[in-house]
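Would you mind keeping the following structure in view while I ask a few things?
Chain nomenclature is as follows: A, B, C, D and E, assigned in order of appearance, with residue numbering initiated at 1 for each chain independently.
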Amino acid sequence: MLTYVLKRIGQTVLTAFLATATVFVLLRMAPGDPAANYAPPNPTSAQLEAIRQQFGLDQSIPVQFVTFLQHLFQGDVGTSFFFKRPALEVVMERLPYTITLAVAAIVVTALVAIPLGVWMARRADTAQELGANIATIAGQSMPDFWIGFVLLIVFAVNLGWFSPAGFDSGSSIVLPTVTIAILQIALISRLVRREMVGNLAAPYLTVARSRGISERALTWRYAFGNSAIPVVTALGTRFAAMLNGVVIVEVVFKWPGVGELVVNALKQRDFPLIQATVLVTVVLALVVQLFVDLLYPLMDPRVRLGEASA
Amino acid sequence: MSVLEVKDLRVELMTGGSVVRAVDGVSFHIDEGETVTIIGESGSGKSTTAMAILRLLPDDLAVISGEARIAGKDVTGARKVINGLRGRSVALIPQDPMTALNPIRTVGRQMTEAVRVKYPKLGKAEAKARALSLMEQVHIRNPAKQFDAYPHQLSGGMLQRVLIAMAVSTDADLIVADEPTSALDVTVQAGILDLLLELQEQTGIALLLITHDLGVARLMSDRIHVMKSGTFVEGGPVADVVDHPQHPYTQKLLGAIPELGPWHDPAVDAPALVKEDSRG
Amino acid sequence: ACAGPKSANSASTAGAGAAGGTLSIVLNRNLVSLDNKLNQYDAAVTVQRAVREALTKIGDDLKPELVLAESFEQTKPTEWTVKLRSDIHYSDKSPVTVEDVETALKLYFQVKAGYVASQFPEQPSFAKVDDKTFTLTTKTPVVTLDSLMSNILITPAKDNKAEELSNGLGTGPFVITTADTGTGTYKLTRNDNYWGEKAKLQEINVSYQEEEGARVIAITSGQADVIDTITPESAASLKTNSDVDVIETPGTRLIHLFYNFRKPAGHPLANPKVREALTYAIDHDSLIKALMNNQVTSAEGVVPKTLAGFAKTGAYTYDPAKAKKMLADNGGAGLKLTFIWEDSEFAGASRVLEAVSQMLAAVGVTATLKMIPKGGEINAWRRGEAGDWDVLANGYGNQTGLALTNLQGQYGGTAEKEKTRDTYHGFVVPEITALLDQAGAEADEAKRDALLGQAQEKIWALWPAMWAWTPNNVLAKRKRVAALKLRAINSYDLGAVTVSA
Amino acid sequence: MADNLLTVSNLVVEYRTGKEVFRAVDDVSFAVPRGGTLAIVGESGCGKSTIAKALVRLLRPTSGTIDLDGTDLAQLSEKQLRPLRHRVQMVFQDPYGSLDPHLTAQDIVAEPLRVRGEKSRKVQRDKAAELIDRVGLPKTALDRKPPEFSGGQRQRIGIARALASGPELLVCDEATSALDVSVQAQVLELLRDLQADTGLTYLFISHNLGVVRAISQDTIVMRAGRIVEKGRTDDLLSRPQEDYTQRLRRSALEPGLMTGIKPRHLIRHIAASRTAETEKAS
Amino acid sequence: MSTANPNVSPPSAPDLSQVPGSILGRDSAVTKVLLRRSAAARRARYSTIKIWVGAICAALVVLPVALAQLLPLPDPIVGALSESSLPPFSPGHLFGTDPNGRDLLSRVLHGGQTSLVIGILAIVVSGLVGIVAGAAAGYFGGWVDTIVSRLLEAQMSLPLLLMLLLVVALFGPSIPVITLVIAFAQWPEPARITRALVLVEREKPYVAAARVLGLHRVSIIARHVIPNVLQQVLVVVLLLLAQAVLLESALSFLGAGVQRPYPTWGGIISDGRELFVTGKWWLVTIPGIVIALLVVGVNLVGDGLRDRVRRAKGDQS
């Protein structure tokens, strides 16, 4: 186990490095020009050149890369072009917001979708289940900003329950969380439902019922326990994806998270900031995945991790 | 009053395009201390009968009619009745041990859980102690170790014994045993059967046994019923059925038992101890 | 050349008294800093100037007004003499010295390719005369120096740096309480030591929200008091809201569909007749009505008519029959044009261009629309390095209120500059450049305007744009906000603003 | 003994559970003559299935050799093993789990034919149908899927599948435990016929001594991972030498030989000696 | 235990299985009501209902889209500014018009042609890649798993829009590029679920049985493992359809969508975004509902077909 974790951490370092390197190269190959973004309107070549020099972009990509690596080893990811501050610092400032929102969203998703999925499994092939399916699928199929705006109009403008722009009061996390959850619930609840229908009919469940185990324990400890792997995987995947930002939701609700940051950084071709974000989110996502992977053997002892199939 | 009283039990299964009458009007009863065995063709409805008595068939699959009373309580009516009996007054030893346990929980946890259904006041440690002693009684080697094993780490026979132990642990009045020893080697089987017999002698437990092993049926039963296509084709005291089978199917079954041949048992120094009638 | 001395806070003191109140402003982009050495955009000016002031400011009529300077006079063609007010001091009461001005000026030119510095034809040299007086000297006459200096914000020399300042002192009516550049949120509180008339507001919260829809929601829900630079669509819907006022003023930004002047001779677009013909294809009235909510004015010259020195040179007319005929006559029939524009260059850009392409189709011209994503890529296109194009849709801003700035930037191209592609899309007409240079050096305002007028006539005759227009500055505020006076340069004086409870 | 198809020497198989290592098969050696049948009987949990899995190399033995006709299978890689696989086949103890739930009986039985290179779908299907018929399943079984079969039927599908591979050695792990005695007799008959026709070799794991007697020439008796006795089946059954074998023999229940109601004494002393032994061990 | 398993068909009792009508005649306790409520009947009924409801939902979208050229619709690209921003149900414009005066119905239907192609191709590609890669990672373990998993993680942690924009920026916003980019964006989800399911599945005895037969590992994955996890994975893949169509909207919004003025659902939605709160709700809501209708339809048909197959199979779960 420990060796497995250590191995994974080693791989994580490598992956993070490769991801950052890929982004580094892609950014410089893709069209767009940081200099033009930070120059005054209608810039002259001389002005552009000056900015390139300042940003170190006048060198060839390999040279830039080597410089980047040298700095990276000293723990310096660079200074944000836009914020004129260490890029990592800017990202770290945003990270708590992103993590808060992601955690809240995933918790709400799980708290709603799992019981809903179980309920749907118990009501398999009924009008209620059909209705729940249609509602959740339709919900996740609408554009995210549409959901956000509708919630804002209803709850912030008309009812005035929540403040529309985020992070200034405790309750302002509610609407973005709900928006994200609406986008996830269909998937999780349907996964739960699929697995549960199978496991509720499994022989061991019937046998356990014959032992007088309560229906509640049968549902959760037996059937749900055996359904957990795909569900936790899906939750983990979505959670990891949220860690690099739920861009639209962050924008609509003015949630100062990483997603909004990075999209703006991209528009502004703020290379160091993008690289810093990638570095941080890669590490985070890898940690989440590692965590999920480590959960597998706990959720199902038959699973053997890190081993080639016998 | 009989421990189990079954009258004209029918089980109709509503499957895809048809209704299958899996059990078609069977009647029998088991008194305290008695063992009644159902033998018969595979797919004849033996397990379905057992499952119907325990009400383990889903309502949207099986329609049960007729009467089944456990300790006088009608279990074919409201589910509440049987819910109160399962794991307390009646226990099941299921047919297929390999799929009968929750694959993601240790054997031990499932055993203690079973014990605590009937004895909720039992502490964790006490429940564990009880489970361990039962595992020993069903001849599981090194019970302390197997207690923490997951079902897939045990052999088929070991799982079967775990299931037997769980059924026994409830001190039920009625045990429904569906091919309880099919995965066991004969010495262990002997041990288990002995355990059941002893239990019966001591506590007067009633046993509904389903088996295709006629030796086991002969050894364990007071009465025996031969099932074919959902109905009992023959039934009666065990010796009558085995020694003087009436129905051709019963005769065919008895004829198909592989012979073991004579042997010399050095322990008794007599060629065929088993022939001897030593009732004492 | 500067308008007479006026107090920086001349706004009415009527209405809400000094009781204060809190104003919440939601900008459409991150303020990033409370300084403008590198960036400057309309909305930022308002907030930046609430904290830091300059020697002058651009007033309501786009003329420079004095702020920290008591006088700002052109004493020689190449020399301006400035005297600081005696009553001014920073929010910590420390005095404003001429050295502070010297340092500020120097640092603005030290940052690489700073926005403000790039507006100056050259860096003026500073010379102290006495404790309150100094001179600014240039090699060639810079007649607009008093306007240009309105963008040099003064901060104590010891705290000033060659970079944008998010914190620190200024002389303005407000002081910075908290500044979070990362999330773009700032809190300003009243400067109780303000040298002039104290601000009415107690506190200002500045944040930003790029999503236009969310800004509209913010103001309708009452969370924001002011949102500025809003789109015509938002304005139209907010006008129906009884809690919100929409304020409009004519703007100084010119948006045009500019032809590519780098086409080889012989190319239809190299022919002014073809360029002219295309202008008749554009049904601007419909565009203005349907897509711009009547919040723009079609150009009547080559710069916005709000600017000092503007000359009316003609008007765009819609006449598809004429367009068709002229195109046919001048070898422009069946023309295929590629339009480029940067994403969100102006409100509703893609709608306008899709409509334009339909209008062109009606006269037999095929338009290919190519929106360039944000990220500076447009710059390469504009310089002709990324690919060929025929018409560019873009805006040209103005922070000085002077037509000259626009004209020099767009039409003052030289062959020399074109070598490095530093002209405005290849527009090089030496005759016009010469006129503009002359005007730039002309100290006499009347003469200067005459020269500019001449230049504008010549430019118009070349039909450099398929269509051009000037959007109004539009701002929405809650009704409880009063005394908010939106200027042509799309900023307003926060010190005067009041908020009723 | 010159012509042994399978020679197993000093086989050791271990399971890893967490940090512990459990030795399920401990230094077992035996040989199976070509065209013959070797039975393995023994206590449940003694490692019979483990041996079977090692022979078909679902498990990699810790040490020892598995010599199949001159090739040691014990440590071959999956790749080296693949061309040899069809020669050793297995009928699994768990009939429920070992059939792919989404395939029909016919597809399941046809699969080995395909693996062996039979290209024509029709030939595959015909041969599969024939085999299914031979194990005594009705025609209607062809298109049904495993969950629709009873335990005994599943077991027969498993047997048909193993036979379809055309193995030289067939490892049967409790292949008849879920069968009705009459169906069991039928299957044993089939296996014997096949052996007579094609010279098939069997390794037969069972706890039913009657079945062992009916099918095998040689038998080994195992306990706790070790062999306790081996010999000719008839000798072993009629003159068991080792204590455990005798107890096995003694525990076998023959209904025809019993008298009285619940003749517990028939098993009581077996159970008693067993308990005594367990107590001694612990 | 196989008998708990309610579908072991009678091997030797065909005479017992009767058509419902006749058994009701005999002294049977099975009533019509019970029969209607039985799991099998319900499943059969609902699989039909789901297929029908789903097919109708999907057909409501797909058919008009496919026939857009043949329907008497106004030009999707040309509109009259005089008809700018008409609300739905205006005369001649069922769905209203956009600010350019173009008929929204026509734009949605014509745009659907591109969007459907992009969306469906994208989920097919991402589904295939995800399932294959995930199954390989789960089944082979070892270095295959390492590479696939790390790739997945790296990709999932790279800001999605960033990668999409960069790739589109590099290769230009053509439909194949956009499709591939969206597929690329989506493969991690099915891949991770597949991997997780396969990790459990590969330990099941029938996989061991297949190995014993000498099946190549690839065949085991393809013939045994994948079919047994497919249903679960399809839950994910089919739901991704909405995301696929909407991702194109995000691309459009960031200026990397399909060439203007040709409509796509994503383009229409992204254009309508800033207008939504200004009262022109229909520009986003209507295409949104169309997408929702399609995705609901596809998923219900998927559910229905699965239950149907299952019924034929006679499986219980």
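We adopt the following convention: a contact is a pair of C-beta atoms (placed from the backbone, for glycine too) under 8 Å apart; a residue touches a chain by one contact, two chains touch by 3 or more.
By chain, with names taken from UniProt: A, E = ABC transporter permease; B = ABC transporter ATP-binding protein; D = ATP-binding cassette domain-containing protein.
Remember, predicted model here, so these are calculated numbers, not experimental data.
Enquirer: Please find the path from chain A (ABC transporter permease) to chain E (ABC transporter permease) through touching chains that uses the fewest steps, and give that number.
Expert: Step count on the best path from chain A (ABC transporter permease) to chain E (ABC transporter permease): 1.
Enquirer: Which chain, with its centre taken as the mean C-alpha position, is closest to the global C-alpha centre?
Expert: Going by the distance between chain centres and the overall C-alpha centre, it is A.
Enquirer: Using mean Cα positions as chain centres, tell me which chain lies farthest from chain D.
Expert: Result for max centroid distance from chain D is chain C.
Enquirer: Considering A-B alongside D-E, which chain pair is linked by more C-beta pairs in contact?
Expert: D-E
Enquirer: Based only on mean CA positions, could you tell me how far chain B sits from chain E (ABC transporter permease) in angstrom?
Expert: 48
Enquirer: Go ahead and note the Å separation of the Cα centroids belonging to chain A (ABC transporter permease) and chain C.
Expert: Result: the chain centres lie 39 Å from each other.
Enquirer: Measure off the straight-line distance from the CA centroid of chain B to the CA centroid of chain C, and report it in whole Å.
Expert: It comes to 91 Å between the two C-alpha centres.
Enquirer: Could you list the positions in chain E (ABC transporter permease) whose residues touch two or more of the other chains?
Expert: Those would be 1-9, 11, 39, 42, 165, 169, 203, 217, 254, 273, 276-277, 314, 316.
Enquirer: For chain C, give me the residues that contact two or more of the other chains.
Expert: 211, 213-214, 217, 373-375, 377
Enquirer: Where in chain D do residues touch two or more of the other chains?
Expert: Residue numbers touching two or more other chains: 58, 94, 96-97, 150-151, 153.
Enquirer: Which residues of chain E (ABC transporter permease) touch chain D once you look at their complex with the stated criterion?
Expert: 2-3, 5, 7-9, 11, 204-206, 208-217, 219, 223-224, 227-228, 313-316
Enquirer: Which stretch or stretches of chain A (ABC transporter permease) touch chain C in the complex?
Expert: Where chain A (ABC transporter permease) meets chain C, its residues are 31-48, 50-51, 53-54, 82-85, 90, 93-94, 145, 149, 152-153, 156-157, 160, 163-165, 167, 251-254, 256, 261, 264, 266-269.
Enquirer: Touching residues of chain A (ABC transporter permease) toward chain B in the complex: what are they?
Expert: Residues of chain A (ABC transporter permease) touching chain B: 202-213, 217, 221-222, 225-226, 299-302.
Enquirer: How about chain C: which of its residues touch chain A (ABC transporter permease) in the complex?
Expert: Spelled out, the residues of chain C in touch with chain A (ABC transporter permease) are 26, 30, 32-33, 38, 112-115, 118-119, 163-164, 180-184, 207-211, 213-214, 217-218, 220-221, 223-224, 373-380, 386, 396-397, 409, 417, 420-422, 424.
Enquirer: Can you check the complex and tell me which residues of chain D touch chain B?
Expert: Within the complex, chain D touches chain B at residues 15, 17, 41-46, 49, 93-94, 96-97, 150-153, 174, 177-185, 188, 207-211, 213-214, 224, 234, 237-240, 244, 246-268, 270-271, 274-275, 278, 281.
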